[in-house]
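Presented sequentially are two complexes of chain A, the first with chain B as partner and the second with chain C.
For the complex of A and B:
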């Protein structure tokens, strides 16, 4: 007896059909919960504060969310390697302090310091790969180093954003507000690197099965350092964004990005086992979380309750992800 | 005389104090298929890893095309450049990548249109080896079945550029019979092109069908080498040191079996299964036969962990234990020792007051370890595949469940472990425990009292006692269309 499915396809007996799903698409099913979450929050914002749906309102909302977008992308790269960065917020805080102090007074030294931070991320990748130290431990340790350096450089909040940075973030662009372009460009570039370049395939392969790289004669160290460097670049861009958005710096202010970026990446479909993380999903997750804070403020939810409400939303999104995954699974 | 394609001499490798290879010699000519056989732990996989550059040997020489290879600087990358392509036993595909992207890893394309180029390469390679496989090259590997993954893996290895030597380690462990036929046809074609092939397999019938010469390793040393012509299945088996694997049929008559059913399944329907009716009685050994992927594993999973919809179709008495053949993915706790791995299913029995009674646990572990000839002390990861499988088997037996589900437990296991497994099964026959056993080797079902043959998610035939034969199983496994075609040909 043949089932209808079998009689339609030319495949051989005993081999179940499989859908022609693309390798890694720009928008995967795994990013759906993040998209829905984001859409629901935006709709709720539009209902509670209709004024925010003006160009200026969107600009304000999105500008405040840009640091979260970069943080989510940075964490996305680290999770892709199968690791977690617990020092991300502090590192962004350090970049923020450097941008608001050194970069203003001594441009060359400031740039060197930021490049040094990216190199430090690559070095963490080297440390994790070479000495098999769990990344959580290294990055947790590094977080204190970042915070320490930032506090030495600037014990009290202060500083100013470099003029050129403020100008970049103050550009008036056609059709939609500037932050929209920034978010789309950041997502697009990250997606392109991960999914469209040849080395992106190698880096994803590394996250999925490091031993596969050895088998095909490629360097695991290079792949991990590559992913960590990309994360470092996003951290620096995030730090610059914080500076531009807040017109100054505070070593401690970015600390919350550590956990929110992990949440954003996971809402966006990332798996802690490595190899699976979608930049699009992570960005949508990051935006959703940032908008959520705005929404809760609009609704006059006391800051004391905001974390709890946010937490409940996260549980709901994870639940939705679980259900979707089971529906899309093959066995 | 022309130099052989590959010449390995005096190859030695030790892990710690235990030698895995000691002075092994292997030669492969162009246009030749050499079978590399040996019980598990004989050193086949180690030898293949050395040849593929994945493992540096302690000492030894290797020549490719008459050129000596500097083994100190030999790497997988160099092996590829020299035209040596290995298909590993443990699948090495990245599950988060598409089929084409996996091809890219071994055969990088340096052009802007690399995606398209890889898809074309992958499609052609799959079509060459396994015509009409129906595998989409843009599908993620995680959406493919085990058999499909193995096909991709083989196609990828065979499509390596400037291929000179193709090394296949247990290439057919998950493949159905007609796919194995495809592979063998392809290998014969490749052989004509002057390419040398090393074929490692435990399936002796396959070896006899495809290889020109065999080299048999035992205990890390060369044991026998020679032409395959004139050799029969049993000759190979005795060279390997296995006893006769297939036991005579000793099915119980109906009144000998205690007719109390342990498991009853009526009209079970799932997306993969269609109207399954079956029964397992106490003390019975029931086989689940059929082509790979016909629903046997899905059925075992449903019996072990029924979903809400299938629960109604099942009625079972007593406890059920599961022994998997996929020891890497769903079997062992690699950070635990052997004894803890064994007793984990029996913990509730061992801890009547919530705390595990140490002495009882040790006794239980010890009992099964002696029975299955496992040495204590070593870590799971250091055991060979066959011994890891014994640990899983011991765990299933230690659970002392009323029904044991075997999910192809002898997949890729050596002849020695197999014959011990068969005698263990004999011990279970007529005891308190029943067994439901899915295997991909049809000859194994001779040990069963009854066999259900599955086909496309349904049970196509129930075979009892003397009617259990490979011929019958094959007959009922294949789709009727094919049988009709064969009948017409006759």
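For the complex of A and C:
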């Protein structure tokens, strides 16, 4: 039913030139700068520190990057809705605290709390759509709420990772190390939902042109809440990953993911106007940024300069994207 | 019944002002005596939030989803630069103040140029310059504590009948900003840009130059706050700007500045900053465990925007 809708009224879903339809390819042009960026960083790592290209080295590199991957995916879903989540890092911090405290002592309550966090994300989507309030401000306010709850639950860093979670993250899988499977699975599922399911098309169309959704008789509220719920799920998975990687929790430790996830999604080709964001690109962007800090420490660059390099890369990637776009726009 | 509704919807600063009054009374009840001193201390603390908020307000008003995410780093950077130049002695005070504010303006101009020339969205551009500024901050923090001149420190901490010079400076900048926004060509252009970028461009407003100016002005306010904060805190430290990422934006929105641009409120930013500061004070007086003040602050910000949207729609 959805495919007929789409084929009958293709132009209603966003701009025909480079709108929602282009997002259907697994590897879009918009993700190219992220791929190049990621590839260059990996090659440089391989040159400077050849040992990292062993299975163990790759496992170490990728394990540390998994939280960033989930953060990038979460931000990608929000940007797809045309919004920005300024509370993402704090929400991941809360999921981290819940996972390292409540989930260890009371499994059922812990699961309920994490489901509650996903529901809260859906509720933010509801607030934004129903009251026409800017998502930036609501998520900004929500960031204080997440941090507050996390600090009430656990004022000082501590906690432990649940045994089962450590076991999941410690699996030994054939051929390639486990984190490779996790990253590919997360990207694949996100891509499949957004680009291959019927409702994924609706959600992308919503970000691209909300009014088009009303015209074909679909609920804007449901689409936005759907995207926010997906983001919430990624936030919870990210919080669990932080717990598994750091063996504990700190309400404040994940705050940096707010800004780095925006950077990752944008490097990955996301547009703030909504409807255009690629999970593949966002994941590549997240990986590139995470590998970048490893590379800089291999190169003995003072940690002081790491954030400056990150900032320069952000501007450079954007410049590259402008050039590519100008070239691709004519064809 | 209609008229008060309309007035409330168009004068959102009054909500934050009324809220501040209520919080002050609650704080007085909790500490068992009504004290103007308490209010004045909160005004001093709120001054930094308001100064940075004025900058954020200018950028937000320019529209097109503009935010200045580099402000917290600008605050820290200018505190360090002025502190390093002063390095504890009174001799270079004026050079130091100029250097601190100058460093801030450089960051602001970079923001404006990256946005204007490379067409990078403001959120990303200010994120990037913020990251770069942070590296400079880390370098400076390794070599110096950014100690303020002794005279400057006692000036920042001075009180005339309970009123701090910091408060007076903040109010001065508020008045100045009001005049600039309400009476100058810059102010008219800014509001027009916020209401419609395309229309403003077609009407002949130099949009690119205005973007450059608005980000420079925003950074200038961050620089003023940073230099004052160096004196107030008695030195600079690398995380001193952290509260100025979300707080000022909260104050601006609570005060009734439209987040989509085109409408600003200096009085609202002042009242919003005072309100958020008093909220933290009340939480501290009531001795709630850590975390509750953040929770309350977040719920208040969300509550304010929703209430504002309900009132805006209903009359």
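One rule holds for everything that comes next: the second predicted complex is superposed on the first by the 306 of 331 C-alpha atoms of A that agree within 3 Å, B and C clash if a C-alpha of one lies under 4 Å from a C-alpha of the other, contacts with A are read in each partner's own complex, and residues count from 1 in each chain.
Going forward, contacts are C-beta pairs under 8 Å (C-beta built on N, C-alpha and C of every residue); 3 or more make two chains touch, one makes a residue touch a chain.
All figures in this text were calculated on a predicted structure; none of them were measured in a lab.
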Quiz prompt | First, second, both or neither for A:215, with chain B first and chain C second | solution = first
Quiz item: Touch check for A:137: first (chain B), second (chain C), both, or neither?
Solution: second
Practice problem: Using the superposition on chain A described above, determine whether A:276 touches chain B (first), chain C (second), both, or neither. | Solution: first
Self-check item: chain B versus chain C as contact partner of A:198, first or second or both or neither
Solution: first
Quiz item: Is A:207 in contact with chain B, with chain C, with both, or with neither (first, second, both, neither)?
Solution: first
Quiz item: Just which bits of chain A does chain B share with chain C as contact spots?
Solution: none
Exercise. Show which residues of chain B lie in contact with chain A when the two form their complex.
Key: 53-54, 75-80, 88, 92-98, 100-102, 104-106, 108-110, 114-115, 132-136, 138-140, 142-145, 147-148, 176, 178-179, 272, 274, 290-294, 298, 301, 455-458, 478-482
Quiz item: chain B touches which residues of chain A in the complex?
Solution: 1-3, 6, 9-24, 196, 198, 201-202, 204-205, 207-209, 211-218, 275-276, 330-331
Self-check item: chain C residues touching chain A - in the complex, by the definition given at the top
Solution: 65, 67, 69, 114, 118-121, 123-125, 127-132, 134-136, 138-139, 142, 246, 249-250, 253, 259-260, 289-302, 305-306, 309-310, 313
Exercise. Note which residues of chain A are touching chain C in the complex, please.
Key: 84, 86, 127, 131-134, 136-138, 140-153, 155, 259, 262-263, 266, 272, 303-312, 314-315, 318-319, 322
